[in-house]
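This is the structure, below, for whatever I ask next.
Labels run A, B and C following the written order; every chain starts at residue 1.
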Amino acid sequence: MSILIQPFLANSFLLRALIAGMLVSISCGVVGTFIVLRGLAFIGDALAHGVLPGIAVAILLGVPGIVGAAVSAVVMIGGISFITNKSRLSSDTAIGLLFVGMLALGVVIVSRSTTFSGDLVRILFGEILGINTQSIILQAVATVVIITITIVGARPFLLLCFSPEQAQVSGFSARFYHNLMLAMIALAVIISFQTVGTMLVFGMLLAPAGAAALLAKRMKTMMIYASLIGMVSVYSGLLISYYFNLAAGSAIVLVAVVIFFAVMLIKNLQAASLRKGALSHD
Amino acid sequence: MRNCFKTFITILLISAFLGLSACQPLAASTNTGKKTIVVTYSILGSIVKELVGDQANVIVSMPNGQDPHEWEPSVRDIETLTHADLIVQNGLGLEGGMEKALAQAQAAGVKFFTASDYITIRTVGAGEGIPSGDPDQSIGAQDPHLWTDPVAMKQIVDALAQTMKSELGLDVSANATTLDSQLDTLNQDIINEVATLPTGERKLVTGHESLGYFAQRYGFKLVGAIIPSLNTQAEASAEDMSALAKLIKDNQVKAIFTELGTPANVSQSIGTETGVKVIEITTHALPANGDYFDFMHNLAQTIVDGLK
Amino acid sequence: MTEALTIHAKGLSIGYKEETVVSDINFDLAEGQSLALIGTNGSGKSTLLKTLVGLLPILQGELKVLGNTPVQSARQVAYLSQFHASSFILPLCAVDVVRMGRYAEHGLMGKLTSADDDLIHKSMQRMGILKLADKPLRDLSGGQQQRVYIAQALARNAEILVLDEPTSGLDAGAREIYQQAVADELARGACVVVATHDIQEAMDCSLTMLLARKVIAIGRGAEVITPAALLETFGITINLAQQPLGVTVVERDHCCDHPDER
């Protein structure tokens, strides 16, 4: 039993990684639920990668990466909104354009500076083992903000997931709450990329929530399950990286994805055996 | 919804509590007996091992042959660092990939010895290499490659012996004296070796700006670098390449020296275009026997022979 | 006189930013009255319904809902749309869906009281789905889901019900339940505007409007639903004499002409 706890007790940096991971799990679990239910996976992915140029510029300027990521996110959401409103292009196309544009911009910026490639790896894959107390505080604040907005806006969000038209007709501005949802996704990405990197943060948004979607009967439960699955992934991932000397961030996301497929498999087997049971009663 | 809220707040409060308690510095190594000294890279590590002998455990973070600018530690490596009694690091940003890990050790209260604090730091001078708008290569940028100068290493040895005494209570003065005289001998050997090379041929083009201290000590001119930056993480640009080729031709350099991390195709194409010899040189790794002195002898030999 | 009218439309043109779908619509609806819209998909039925609830702007003319603009009155109008989010993934039970009908009145944080629970319970009872209350939406059949959505509209306890093809997917028994529910709504003074393919249902309404990207006819069902009018509306011939139990016209020619009409 102690081999499961010992590494965290003996190493404060690992314990901080665990705490940061727990907070990220909650943020991503809540926000990921919206992403899965509203089919926002594409824009979620776009935001996750679109923050790259912002982070790159921030590092060049000596400003915290988080600030750059926030600016990038605003530019992206604004750009998508602009294209969808001012042209006949669908939001799908708009998202794709911004996604590719921002990513390319990020790479160009990074290649212009000659001192970058190590930093780039760290941006893409995260540095969960380098988390300090300041990061944790920021993540805690952001998590509380996300939870608060979700609780206060629970009704319009639920309506939005069910039908944007019903939300509108019930007196809640569909556009406003949609944009609020996007802002929350951006916030989750911005505070989470330090732990697992921009490449993989999307995995933390999608895999736990995806598994939770298969298990939960209510939205609140789905968010709780998603958070718990995320937390289990973080815990296991850190332990695995410790004992098997593997990259921490990637181990975490791998566990999350494996859990998703395990849940899917179990659900399918359950359904199959139910059908079989029904047939055999003839 | 109320219950939900309460649960989350509880989780957060517990996390905050844990987080705060995680801030306290860890006690030093728990096993009684020898102290543990962790040195970041192998070359400095071999000197520390010679100095300390049996009196402490010396662990080198990076495996020999890894690029010190790029190497990143695993979870276990970070654990070792945060539990060390003393960390000996190069300083001046050499250990690029270890930044966060070293910060964690700092937060855990581990004592540090930074080698570059005890030498005369060399800065990039005018006319060296190619101006490329890279902050690492701008005039005045600090060069971390201090191990190529035996005299600088001597200063480090002396300072380190002091630190061992004051911070760890270890008396290594005997070993220090031996090392000092060995380094003096090494210095003289290299001076003699270099004397066999006509002054006019003492021009260096390397993979990246890694031989600054050697050049300074032994009177070489730094003509340019294939990757004009103080670390290997940068990349070669077309503009810089043609400027370098021109510099080589103008200075009539006989050979260019490639190192760990130099892109092979780039060096080959420079060699073909300018007609100079392309010679591989080891600047960041010890030979198989792990000996610093052999390392320096090989280095000097390769350079002198290559330029003759 | 317009103050007493629940819905007043005069010279109304409806459509989207770039195009007008139907122009010059005129009708008045008072408390307890119902209006049926008949036409093919793409004929403007859904467009009109959406305009009534404020989802689409008024292009021209006058439209007053409960004395105000449609947007201002939206919260007092219940809307049942034709299409719904993919229910196979939504983690919602039937009762959750019906409960959402009470949000319009209470806004973001207003507490739901026992009076609301009562309404929710009654709505499900009227649609015969009480026993399905705690079942996940994805476990229900299409017809059962439709009844849940209708119950949600009923739970709104609104002054106007705007329903877009409410009987699609309902079997005969469920259709009767629905019709009884509508009758009860009308009896308590609400207005009902329904787009339907069910000619019999249209006959039972106070007013019927036939649409084919323009108003073919509007008036009492029996008067305007003639074979000639139907031919113009649907482009096919229907023999009305031969359906004692009512005929449902299923017409798929012009399905989803306008990309926004979904």
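Keep in mind that, in the parts below, a residue touches a chain if its C-beta (ideal position, glycine included) is under 8 Å from a C-beta of that chain, and two chains touch if they have at least 3 such contacts.
Since the structure is predicted, the reported quantities are computational estimates derived from the model, not experimental observations.
Least step count on the touch graph, chain A to chain B: 1.
Closest chain to the protein centre (all Cα atoms averaged), using per-chain Cα means: A.
Summarising the inter-chain layout, the chain whose CA centre lies farthest from the centre of chain C is B. Taking each chain's centre as the mean of its C-alpha atoms, chain A lies 38 Å from chain B. Chain centres here are Cα means. That of chain A falls 39 Å from that of chain C. One inter-chain figure worth recording: chain B and chain C are separated by 76 Å, centre to centre, where each centre is the mean of the chain's CA atoms. Residues of chain A in contact with at least two other chains: none. Residues of chain C that touch chain A in their complex: 50, 53-55, 74-75, 77-79, 81, 84-85, 89-93, 96-97, 100, 103-104, 107-109, 136.
Partner chain A is touched in their complex by these residues of chain B: 1, 4-5, 7-8, 11-12, 15-16, 18-20, 22-24, 26, 69-70, 72, 74-76, 78-79, 82-83, 96-97, 99-101, 103-104, 107-108, 132-137, 227-229, 231, 233-235, 237. Every residue of chain A that touches chain C in the complex is listed here, in rising order: 36-37, 152-153, 155-156, 158-159, 161-163, 165-166, 168-172, 213, 216-219, 221-222.
Residues 7, 10-16, 19, 22-23, 26, 111, 113-118, 127, 129-130, 132-133, 136-137, 140, 143-144, 147, 151, 154, 220, 224, 238, 241-242, 245-246, 248 of chain A are the ones that touch chain B when the two sit in their complex.
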